[in-house]
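Order as written gives the chain letters A, B, C and D; numbering starts at 1 within each chain.
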Amino acid sequence: MDFQLSEDQRALRTGVRELLAGRFPTERLRAAVAAYEAAGDGPVLDRGLWRELAGAGFFSLLLPEAAGGTGLGPQEAVLVMEEAGRALLPGPLVAGVLLAGAVDGAATGERIAGLCDATAAPVLWDHPADCDEVIVVGADAAHRYAAGELRTAAVRSVDPLTPLARLLDGPSGAPYAVDVGRLRRDAALLTAAQQLGGAVRALEAAVAYARQREQFGAPIGSFQAVKHLCAEMLVRVEVARSAVYAASVTGDPVEVAGAKLLADEAATGNARDCLQVHGGTGFTWEADVHLALKRAWLRAAAWQTVADGTETLAEALTDGHIVL
Amino acid sequence: MDLTYTAEEESFRARLRAWLSEVLPKLPPKPAAADWPGRRAYDTAWQRMLYDAGYAGLHWPADAGGRGATPTQHLIFLEETERAGAPYVGANFVGLLHAGPTVAAEGTAEQRARWLPPILRGEEIWCQGFSEPAAGSDLAALRTKAVRDGDFYVVSGSKLWTSHAEVADWCELLVRTNPGAPRHRGISWLAMPMDAPGITVRPLRTLAGSTEFAEVFLDEVRVPVANRVGAENDGWRVTMVTLSFERGTAFVGEVVACHRVLAALARTARGNGRWDDAVLRRRLGRLAAEFAALWRLTQWNVSAAQAGGGVPGVGGSVFKLRYSHARQELYDAAAEVLGAGALDADHEWVADRLSSLSYTIAAGTSQIQRNIVAERILGLPKGR
Amino acid sequence: MDFQLSEDQRALRTGVRELLAGRFPTERLRAAVAAYEAAGDGPVLDRGLWRELAGAGFFSLLLPEAAGGTGLGPQEAVLVMEEAGRALLPGPLVAGVLLAGAVDGAATGERIAGLCDATAAPVLWDHPADCDEVIVVGADAAHRYAAGELRTAAVRSVDPLTPLARLLDGPSGAPYAVDVGRLRRDAALLTAAQQLGGAVRALEAAVAYARQREQFGAPIGSFQAVKHLCAEMLVRVEVARSAVYAASVTGDPVEVAGAKLLADEAATGNARDCLQVHGGTGFTWEADVHLALKRAWLRAAAWQTVADGTETLAEALTDGHIVL
Amino acid sequence: MDLTYTAEEESFRARLRAWLSEVLPKLPPKPAAADWPGRRAYDTAWQRMLYDAGYAGLHWPADAGGRGATPTQHLIFLEETERAGAPYVGANFVGLLHAGPTVAAEGTAEQRARWLPPILRGEEIWCQGFSEPAAGSDLAALRTKAVRDGDFYVVSGSKLWTSHAEVADWCELLVRTNPGAPRHRGISWLAMPMDAPGITVRPLRTLAGSTEFAEVFLDEVRVPVANRVGAENDGWRVTMVTLSFERGTAFVGEVVACHRVLAALARTARGNGRWDDAVLRRRLGRLAAEFAALWRLTQWNVSAAQAGGGVPGVGGSVFKLRYSHARQELYDAAAEVLGAGALDADHEWVADRLSSLSYTIAAGTSQIQRNIVAERILGLPKGR
């Protein structure tokens, strides 16, 4: 047993972190927010950036080398998604990774594929105007649509980096042959990894602010009330990280359910606490603190709700399905 | 312990209800959120209607032009206007609830005559210039300085979280008049005319996407010394005296509103099937107990104020701690009721969820409130 | 509206507090614990104290003056029960108050009556060896038994001031004619009042200890972590107090349900936090901190569980039954 | 990231399992909780069996008489013994897990030869004399003083929370040897023979009703200077060095036990119908995620220790914060499953619920742990 990152995995993480720091710094984050606000219902993603990410291997992570991929596995995909979550990178990233082998041009970033969870109510599709194609995934079957084939209603998204549309019709159109259970599991895992990254971002932001902001003649981070908020944020991160990484190793669907649950808690809880640490400053649009919270809400609603996750885990308890 | 209202209180309530049912249908449509002049006009028109009907300054003392109502009458007023969907105090907030009472308590006869009647009649709007970028929880760290120059103070600095700055006539301003004195002893309270040269207002966008607040930059703004309320360097006490006027009514309308939202959540959940989820259902049941208790605690505090003992729990810190948390929980529950619909920013509950995030921060963070409760009520030692 | 204690109510509270401070100080509390531990399954209550309490009007609170009572109401009963809870006074007090008019000798303390909630699983009877008579209350009907008439199995009670026995038989015996709904409501209200008192006791103990105990060169109450625990304890007390007092005024069953729920939370939450403030000291038997927690658990299980209370409240929400 | 065990690790596990299945059925019955001599005999007999089978001091370095096992092997050992229901380390705890490693790391050759072999063979039992009435969270405030008198220290004071004091042969004792020095610099580490005159042991009853701990009163107890480990006044460092030996295995058995309890809760709830309560059922599901993650975090920490980097999260503070809270939640959930049966003190889960109340207090309260995490991992400033 060696439950630590390998040398290669460490290098991958560092590489992705540096890539994103260079290609998607705060100015581009803010430009992405502005793009959404300016777009109406139009496209908002930066296609150039998308191709750059593809060029760096973002979307071919799970493709075998024979198919032009990197031949890496879920562990590496999770590390990349964690960094993407930490950078608040927008776009249908989970779809990008999971559909790279199924949708022409997705691996190279030439075309953008979407994934949509049809078990939610209402059914929401993210980045509708950016996607060239979308797979709508129900509980047991999936369907494939070209852009424009779906009737949708506009929704003003709570997350200013993730436009949404509501699907107006039930499943129809071309069936997409796929192991739906597996696809849903993988989508939950990669979403959990992004939540983990979001939780890390919120922790880092809170600690940096607590060190620098002074009130009552001292950095607020020297007060136990703030200190202890930050400590619990780290605890959430470490627990979620163990769960997400382990789920990427075992692929066990119950373990993925637990990982998604804990990563959702870490992302929303940390974003809330980060806001509290920032006080009034955090309540401003400019401080960017809200972006992590809104994204966390969005992801928590995708691919597994708390109710579904806890029921899955409860069932596994009596099934004798032992994760440990 | 008596939870029934007296005949006098009931008759006050009946008259108010009758008046509301008569006037509310005639109100003009609400202006858009970003239409500040429209909002000012709407809010001040409502204030004028209250004035003409004898409800303006209900809780102000009679000698300040108010009606000298009891805290219970004020509670009834806030409860009934909220239930009836009457306009909020809006742009009149600072004038009616803070600057006005400050002038009433600490101003000279001339100052009272100049500033109070226009507030009651809805003719002048006040805003508040207290917080600063480096003075949030620690308000006494404020740096905006006022230097005496003959009959004027020359004021420079910046203020934060100022509502209605764009349309206000006056700003109640805390400034540092003696930089050498201990923090709390070098502050003065000024009424600054908002049309004075040197004032720049920059709207401040919140995480909800709206611009309910502004930053106010002050560059050598000249404020007459005659506009100072209270003695020079005594502004901290002047302000705290007013804050201590809390009569338990601060959140009456909000608690009523939370009850209404909670009932609507239950109805919606019944409608969309989520009511069958016992976890969500009991969560709503738990919140029903919470807001019922907060209503009773409101009545308790109002009765205590009416009995002359002031509001228990250091002017409402105990109440605010629990209420702000409960209100955030209410909107988290709303998100559960809405399911993925909670991602639609146009839904009223989603917008309110975003606003509710400020409740544990604004007007004293929960951390500061816990310090207050622990030190001033429980007598735990200061210090760490 | 005047939702404050009247002069008489204030005097009553002070009187009861002083009475209990004199008649049931810490030494007698400890003696009561020792009595339970020595008793095996035998009686543990101090009959002399019980008669003293009766003499002070403890059990005749709700009896009309014509029946030899004080002619007071639920508001006064709640104040007395709060003080009893604060003193951790043992015995079937709720039964004493509610059965004073129904059981001969109960009002004078000559005989001791018990009440037993038969909707719990298992059905537990407190102070079985002390009761001369017991009313077993089901969901819709109640039955009356003389001591010794019921088959029971011994249970070692978690609360060393409250012996318990498990009832072995279902309802039988003499029916007791009573408005069961009302009796259950009143029992829940008086139990909630004792929980409120227990929460106050825990708060007072925590604050006293935090002021006096020094670590790192300062009273631990000067550290925010301890300060904020204590502040939240007070908040729980004040919220529960408003709910319990108001429920005693209105008698509304939904309001009683809410009051019991919040008082249970206050009692258990405060006892837990009091223990945390006390650190290792609180973990000792001698510190008495545990007694409040164990009693809180016992009372939380009686007359209304969290599940039942929240369901009652949820139903009232859609019924349009508005407490406010 | 590899969660499979190596062939070597699997063969270690297989041998251990085979041995456990052979010896455990032959164990004598467990002594009663209050039978201290019986417990000592039972625990030391088990230690002797481990010794004879080559499992004693598994994680000790070979040059101290241990087996030099990897952290992963130690994890496997703790996991398998817990699963098999083997005896706990019990009376051997302090010797094997703290005093022994201290002597191994800091003792002289003579001291190692004198004290280590009897620990491994189950011949001598150690207890710990660290905490004092006025030195709990703030251990460095300890006052028990040791005054040099020739070749002896004369020790007076009192110690608290000492397990197995009644039956121990030795006590690892922290004493103040230089009252004038800064708090952390005047402390020394002594091995005190428990049969020395002047020692009084008083059992300390816990809220669970048992007497798992004792107070130890020291009245001019003479301890040879030769029994000091490390330099005079260097005892704080000596102790902290040992505490930092954490290899992530501290809670292996407990996490395995929690999983077993959780599965039993689910079975019981299925049996008594409470499983139909979605609130309780999902609460158990939530706990399943929690303990699964804590198991993975354990494996993460053990792997980190094995890779030589030490345990992340300052030797397990992060883990302990979450685990101690989760374990308390587990027993709160158990009380829900039991319903009114949770008032029966004889039920195993009720007794364990009471014990679990100490988890957020013992070995560093959660408050202290959060300070450690915030200051030593996150680098937040000390001070308030």
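The rule we apply is simple: a contact is a pair of C-beta atoms (placed from the backbone, for glycine too) under 8 Å apart; a residue touches a chain by one contact, two chains touch by 3 or more.
Being a predicted model, the structure only gives us computed values, none of them experimental.
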item	value
Comparison of A-B and B-C (more C-beta pairs in contact)	B-C
Of all other chains, the one whose Cα centre sits farthest from chain D	B
Interchain centroid distance [CA atoms averaged], chain C/chain D, Å	38
Chain B-chain D separation of Cα centroids, rounded to whole Å	54
Sequence positions of chain A contacting 2 or more other chains	223-226, 228, 307
Junction residues of chain D, two or more chains touched	277, 279, 282, 367, 370, 384
Residue ranges of chain A touching chain C (in the complex, touch as defined)	223-225, 228
Residues of chain D defined as touching chain B within the complex	277-279, 282, 384
Interface residues, chain B side, partner chain A - complex	131, 134, 136-138, 141, 160-161, 204-207, 209, 272, 277, 279, 335, 339-346, 350, 354, 357-358, 360-362, 365-367, 370, 384
In the complex with chain D, residue positions of chain A that touch it	1-6, 9, 75, 207, 210-211, 218-219, 221-224, 226-228, 230-232, 234-235, 238-243, 245-246, 248-250, 255, 257-259, 261-262, 307, 309-318, 320, 322-324
Touching residues on chain C, where the partner in the complex is chain D	120-124, 155-160, 164, 214-216, 223-226, 272, 275-276, 279-286, 289-290, 293, 297-298, 301, 305, 307
